[in-house]
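You will see chain A twice below: alongside chain B first, and alongside chain C after that.
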Partner chain A sequence: MVAETSSAGAERGVSLQTLLAHPQARLLVGLAAVLLFLIAWQIVGAGEIVRSDLISYPTEIIRTFFSMAASGELTTNAAVSLQEFVQGFVPAVLVGVAIGTGFALSRRLRAMFEPLVIALNTSPIIAFVPIVVVWFGVGLQSKSVMVFLASVIPVIINTTTGIGEVNEAWIRACRAFGARRRQVVMKAILPGALPSLMAGIRLSVGRAVVALIAAEMYVSVRGIGRLIQVYSTSDRAAEIFVLVAIVSSFGFLLVTLLRRVEDWLAPWKRDS
Partner chain B sequence: MGALLLDRLSLTYEQRSSGSSFLALSEVNLAVRDGEFVTIVGPSGCGKSTLLMLIAALLQPSKGSVRLNGTEVTGPGSDRALVFQDFALLPWRTVLANVELGLELKGIRAAERREIARRHIAMVGLRAFERHYPHQLSGGMRQRVGIARALSVGPEVLLMDEPFGALDAQIRQVMGSELLRIWERDRKTILFVTHDIDEAIYLADRIIVMSASPGRIIEDIPVTLARPRPLEIRNSPEFSVYRQRIWDLLEEQVRASGSWEQEGAKH
Partner chain C sequence: MSAADLHPPARGGFRLSDRGEQFLLGLLGTVLFLVAWEVAARSGLLNPVVVSNPSRIVAAFLGQWQSGDMLGDVRVSLIEFGVGFGLSLLVGIALGIAMGLSRLTEYAVDPFVWFLYASPLIAFYPLIIVWLGFGFTTVVAVTFLLSVVSIVVNTMAGVHSVDAQLVRAVRAFGGRRIDVIFKVVLPAAVPLILAGVRIGLGRALHGVVLGEMFSSNAGLGYRISFYAAHLRTADVFVPLVILVVVGILLNQVCRMAEARLQAWRS
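Now for the complex of A and B:
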């Protein structure tokens, strides 16, 4: 009897597992869970089971989004945040790749500066906000500097790792067919390191967004982080949820876009 | 023309950290005629791959010289092309782009190198796979790409470093007969390193048997089996005579050096 029950249980487990093996089924199960959560939230919030000014609820959040969008406060503040982000992120990628390549090619450079990079990587970047504001003022520049600091480190680390992991056979093939040093870099090392480099850029998106919002919340005149800070002092949960959703969507879209670029640049990594 | 002359070729590896040195190759003398198919066999670690790297000039000899058609070899060049055991294809390049690599490095214009690459891809039977990436191909197909890449630069000598060593036994035999088919069209000089005795006999005009470390040439065996050679030739009595002779030579070397036990440690 006991054996029979346990074998029936195992069978059920297997069938759920085979169902989850289908990507579409997995997506459906995931969406169902999200939907369930939203319905529960709606009931608890709209039914005032918990004070709705503290937790809000989905339909109120959607309504708030449209009114905020109509008033124009979303676009003006999002534009400021986006500008700060781009001004910090693009230089971080360029500088990070350059420093990372330097580390990979020069043992001396690496020995000198790698401890500093590792220390920065594990330090809470947000703690630098006050000092960065003192140095760069309360305007856009200090936020861009925060974005730069948060994102440059993962780019450096992944570039160095990527170049270090370049397969010796790729370099050997180029050399055997007469490649000079610069050609080896262009035809074997850089394309070989690209996937890891792109992964570093992707990783740094999240860190950069967090640093940006935190810096804006600390001190700023405009920006999504500034709005979050303002609404949080007046217990406006719906507005805060709208703003957080916008920030998350931005990060999600950018990461997805970068992944697409990665697949396009490194098709052999996608299929394997 | 692809006549090779190796004159007292030696290579010593200097261990910088310990100050000790290791003699990998000792006074190798070898003359290869134009159009000859020479296979090289020897126990593991005897320096047979090192010999090819020296001819390709990816390594510099400590003593002696390599001459190709009378001219001393001083650096890598498209008159010698390598085929590697691990294929060494670039995974981000399609079959076509991989075959174009050598032509690119030779500075040949895009249109022309595409045409040359296509011709060689067709020669190895991969016309339908030009747009595929290496990871989408089987091992045998990948090595066909490696062979097309090497032939496309128009080398005088083809240097093959255990090219079929990573393939299954059956594919390996088929690849061997394919290689002979390609070779018989234009009879390029080939130096082919292998540790498979049957493969060495089946392919060769001449078999070079090398000693255990430090590598020296201990025997130079002409193979007089008629060409073209069907795969079944391996079952013929003449073939067995060659097989026994090489086996005896290698067994002696392996026993003398104890390299059987070291094999695992060397790889």
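Now for the complex of A and C:
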């Protein structure tokens, strides 16, 4: 009797483990957990077990998304945020690659100025928002500067490391076959440094988005962060969830897009 | 340009004199930066009232030191940091072990962890204020939420890195689950946990500043925002510099601990 129950228990344990070993198990269990969470949220929110203006609930959030999209406030504010982001992010990548290359080429330059970069990298970048607003005003410019500051640092660091990790044999091979300096850079150094550089750019997306939203929330006239600030003063949880979802999806989409770009630029990496 | 110029550190590492030279060059770069700033402000190239300059910042530092403002702010931030990060350590390591040992837990919690990691948590702070009120609790909650994820993820990775055969051996010789956790899993996972702690420390510092800037009336983050609103730019830099220095110190301490541990393990 005792032996029987214990063996039945063991069998159940084994079957759970085999189920979890299924290739789709991660996805299915994850989906189930998220679904359970959403259902519980819906019941607690819609049933007013907790005040729904504080926590909202999934169906209200979806409804709110459509009404906000219809009113046009989403597109106008998202356009402003996007413009601020691009104006800060693109220069950050260009300047970051330039400085990072400079660090990789000159040991002196690196020793002199890398400490400042490291200092900025380890400090909480958000703390610079107030002073940047004093310097660049409450408009678009101060947000672009924050995006720039937040994203330039990982690009610099990863460009320097990336170039340092380029396979020396590639460079020697290029030179042995009579490649000129520009060709060495284009054919060996840049492709070799690409994975590290792209990782730096992806890393800086998240940091830039946070810096942008923080700066807009701190003080601004327009933008997604501004909307979050406005709705927070009136306890509108549903609107805030919609806005958070938009910001998160933007970061997620951009990182996915960058991965695609990397696959396209460096097809030899995809297989490994 | 030769290959050697491209990555000097790879060439046989640094000799002692190289290290000294590196340090001196770093110092030189920093001093150059400060002098350029001071000169630009004094010559009127930059507006000193808006941009401030190093000598004004030093004066502001002494002023805040004497008035006692600085110590009070540092204390408030330190307590919030300690409580928030302490909670992160407890919850993060416990959850990380649970996820590392049980695949069911891992699969179920994973989406939430990644959501927390990928979403701009700052946007939730208005809701957190509504839920927890203005001040201490909110700052602690933001600090906790920002720093817990890297500890969870790294602890889980650390547990996964443990040799499964070792675990089976301990179990076979009658080790209980609790023995396995404390005598096999935790010690083996420590290097990765420490790396997570280092990342978490930086994020926790971020959280404290964020929380204080937006929802507090004390602490370094609040003070930065307060001075900026009153256009006291030199004063803004004092808490800012303190934060930068604290960030560097925390990072260095963690790196040293990691290096020590590595030396001890090998």
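The definition used in the following text is that the second predicted complex is superposed on the first by the 247 of 272 C-alpha atoms of A that agree within 3 Å, B and C clash if a C-alpha of one lies under 4 Å from a C-alpha of the other, contacts with A are read in each partner's own complex, and residues count from 1 in each chain.
One rule holds in what follows: contacts are C-beta pairs under 8 Å (C-beta built on N, C-alpha and C of every residue); 3 or more make two chains touch, one makes a residue touch a chain.
As the structure is a computational prediction, the values presented were derived from the model and not from experiment.
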item	value
Superposition on chain A - do chain B and chain C clash or fit	fit
Touching partner for A:P267 - first (chain B), second (chain C), both, neither	first
Partner chain(s) touched by A:P191 [first = chain B, second = chain C, both, neither]	first
Which of chain B and chain C A:L116 touches, first, second, both or neither	second
In the superposition, chain B vs chain C on chain A residues touched	C
First (chain B), second (chain C), both or neither touched by A:S234	neither
Partner chain in contact with A:Q24 - chain B first, chain C second, else both or neither	neither
Partner chain(s) touched by A:F177 [first = chain B, second = chain C, both, neither]	first
Shortest CA-CA distance between chain B and chain C [superposed frame, angstrom]	9
Doubly contacted chain A residues - partners chain C and chain B	172
Contact set on chain C toward chain A in their complex	1, 3, 5-10, 21-22, 25-26, 28-30, 32-33, 50-51, 103-104, 107-112, 115, 118-124, 126-127, 129-131, 202, 205-206, 208-210, 213-214, 220-221, 224-225, 227-229, 231, 233, 236-237, 239-240, 243-244, 247-248, 250-251
Interfacial residue positions of chain B with respect to chain A in the complex	56, 58, 75-78, 81-82, 84, 86-92, 101-102, 104-106, 133-136, 149, 153
Interface residues, chain A side, partner chain B - complex	169-170, 172-179, 183, 187-188, 191-192, 194, 265-268, 271-272
Complex interface listing, chain A residues touching chain C	16-17, 20, 25-26, 29-30, 32-34, 37, 54-55, 104-108, 111-116, 118-120, 122-131, 133-135, 163-166, 168, 171-172, 181, 184, 189, 206, 209-210, 213-214, 217-218, 225, 228-229, 231-233, 235, 237, 240, 243-244, 247-248, 251-252
